[in-house]
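Next up, some structures in structure tokens.
Both complexes below contain chain A, partnered by chain B and then by chain C.
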Partner chain A sequence: MSTPVTITTAIELSAKQLDSLAAQLTKKLGKIEVTAVVDPELIGGLKVRVGSREYDGSLQHKLNSVKQQLLAEW
Partner chain B sequence: MSQTLADLVAKAEVSSTVSSVGEIFAFGDGIAQVRGLDDVQAGELIDVGNNQFGLALNLEKNQVGVVLLGDTRHLSAGSVVKRTGTILSIGVGDEILGRTINALGQPVDGKPQFPVEKQMLLERIAPGVMTRQSVTVPLQTGIKAIDAMIPIGRGQRELIIGDRATGKTAIALGTILNQADQNMICVYVSIGQKGSTLAQTKQILADRGAMDYTIIVAATAAEPAAQQFLAPYAGLAAAEYFLEQGKDVLIIYDDLTKHAQAYREISLLLRRPSGREAYPGDVFYLHSRLLERACRLNAKYGGGSITALPIIETQANDVSAFVPTNVISITDGQIYLETDLFNAGVKPAINVGLSVSRVGSSAQIKAMKQVAGTMKLDLAQYRELQAFAQFSSDLDDKTKTQLDRGTRVSSILKQGWDTPLKVEDQVVVIYAAVNGYLDAIRVDAIQDWERGYLEYIHSAYPELLSSIVKDLKITDETAEALKAAITSFNNIHPEWQQNG
Partner chain C sequence: MEIQLPQILFQIVNFSVVVGALTYLLFKPVQKILDERSNKIAEAQKAAQAVIEEKDAIETLKKQSKRDAEKAAAAILDEAKKDADVRSQELIQKTQEHGKAQLTKLQAEWQNEKKEMVKELKAQFTDAVIATSAKVLGEKLDSKAHSKLIDQEMNTILKAL
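Up next is the complex of A and B:
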């Protein structure tokens, strides 16, 4: 049974980058089925979604978190 | 300025995060059905973006029903939502007193956020048996009829029930006004009311200086049903913050009928099975878990108390409808208000026969017990006699005296809703009434008599009042002095006596 994994990036990844990412994920998750999505809103970095868990390393997310922290302190 | 900003940015913690997410696949009527959110907890807050949240209430095999708690215009099918990992809670601090908050703990009175000292969970298990103490300290409502015959204690739950426009909110507000010097914090939860009504209430409390010790939780009729459902729990969370400090809190839920209706609305939209009157099966648990958290803690746990005054609105005096019977069985007594009495000018329109306080005289000071001990029974006998006497023209003297006494005692219990009386004032007034000093006064002059009498005692015999406050009972010498005072007062005012 292969686990569906969605990788979202701001710009399209090259085949080499995608393969190396898929290899890392296979080590953790076993057989996976990768879907690559491009979303310029992320600005940079990437998001990996497995089932209902999402790893968010995008620049958009980091900038948002800085914004929240500034608003809280202000 | 820019230096500070640069510092803040440099200090900010930036990292990638792992979160549990889901996707909305159906969305409407304030409910979002979400796929994903695999390890969500029941009652957990869900971040739906734009600083808005939802509550995960329906955990099903393949989907989660999320009740939305705020502005949801940015959502649509396909939107991604995240778990927050926190069960619903509000931030409370000492400076919440005097503020108006909504069901999510956010200030809605236009003033800035108060400093938050603790996060209080909205849903908690009620204190267990071993942490409690029996109710013995009175809650003085300032209303003669209640403090004398249906006394409420700190830590009790007393239901105020009646049709619309019978004075239920008035009793609640009058009680808040009387807590000014009673070391009591008040929480007024407004559920489903008109915004204009709440504005009036706030104005009254502010004008009388009651806002210094009162918190208002507002979930008016325009708020989403989910907020109306959560408002009582939010009020209770704030009350428990003070309870844990060992303080006494009074919480008023106005009203739980609208609360049950809001819960019914959410449950039907979540497609939960409905029962009697289309209410969901757990509508009893909705109120029982709310009211069970009103308690008096023993000294080991701080000695604080939460007294609850829930309000229920009946339709056509039907106390045997579903939600009224539920709440009557949960509370420690009820104050039953009747439209007929209200229209006949008996205000507060309390039906003393049907009203009861299951804590009773344990929550009265001895002085009050001394004067009002048999008043309830006497009034019951008077009412029976009254019904009988309507049809009889020839009454013996004894019956006539009893009727006259009963009329005067009933009349002395009438009171303006915003004129609470201190307990010592109540004691001296009721003492005069039950000991026959009103028998010679005209019935229509009783209100004037009472006003004049209290002024007289305050100016000429203040030591009588202070001795009652100090000893908490009427000693023999106080009684003698009181008798003399009343007699002299009656002599000064022949204009209120009836002739013959």
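Up next is the complex of A and C:
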């Protein structure tokens, strides 16, 4: 049974890039079913959703973290 | 002229009888009347004296009562004045305390409002900074930079999986 995986990026990935990412994930997770989504709001980086868990490596997420840190420090 | 003794004796007796009669018929009643009148006058004088003394006593009592009343009135006035002073002080103190409490409350409210405003300003500033950063990053990132970033983050995600 394949694990559904969604890869969200700010720009459209080339087939080569997508295959590379899929291969890395397969190595880790086994059989997967990859869906690629484009969301310019991410600005850069990517988000990976595996099942119900999401891993956010986007610039948007990083900027939000910086914002929260600034507000907390001030 | 010869001194006639019987005549003299007769005159003496006559005179004595007249004096006796006068004493008994005139002198004693008159004396009695005079005595009665004298007594009445004395009693009247006594009564008058008693009235005068009573009048004096009443005057003295009146004066004393007046003095006592004035004293009491002065004491009441004094007490009332002291009371008024104390109440006035209490009122002033209460007003001052109320004023201070109001001022403290307003100061605290102002401080809170100030904090909220500063917080709001910081949030707006931070939002502006982040939005500007996001825009700049979005414009500056080329495909090479995007790829590099994606690979970096993928490595991090793979470590977390």
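For this structure, a couple of remarks:
We take it that the second predicted complex is superposed on the first by the 74 of 74 C-alpha atoms of A that agree within 3 Å, B and C clash if a C-alpha of one lies under 4 Å from a C-alpha of the other, contacts with A are read in each partner's own complex, and residues count from 1 in each chain.
Here, contacts are C-beta pairs under 8 Å (C-beta built on N, C-alpha and C of every residue); 3 or more make two chains touch, one makes a residue touch a chain.
It should be emphasised that the depicted structure is a prediction, and the values quoted were computed from it without experimental measurement.
Greater residue coverage of chain A by touch, when chain B is weighed against chain C, goes to C. In the superposition on chain A, A:L70 contacts both chain B and chain C.
In the superposition on chain A, contact is made by A:V50 with chain C only, not with chain B. In the overlay built on the shared chain, the residue A:S2 is in contact with neither chain B nor chain C. By the document's definition of touching, neither partner reaches A:T35: not chain B, not chain C.
Counting contacts by the rule stated earlier, residues 45, 55, 57, 66, 70, 74 of chain A appear in both its interface with chain B and its interface with chain C. On chain C, the positions that touch chain A within their shared complex are 122-123, 126-127, 129-130, 133-134, 137-138, 141, 143, 145-147, 149-150, 152-154, 156-158, 160-161. Interface of chain B with chain A (complex): residues 5, 8-9, 12-22, 36-39, 80, 82.
Residues 45, 49, 51-57, 61-62, 65-66, 69-70, 73-74 of chain A are the ones touching chain B in the complex.
The touching residues of chain A, when paired with chain C in their complex, are 9-11, 13, 17, 21, 24-25, 28-29, 40, 43-46, 48, 50, 55, 57-60, 63-64, 66-67, 70-71, 74.
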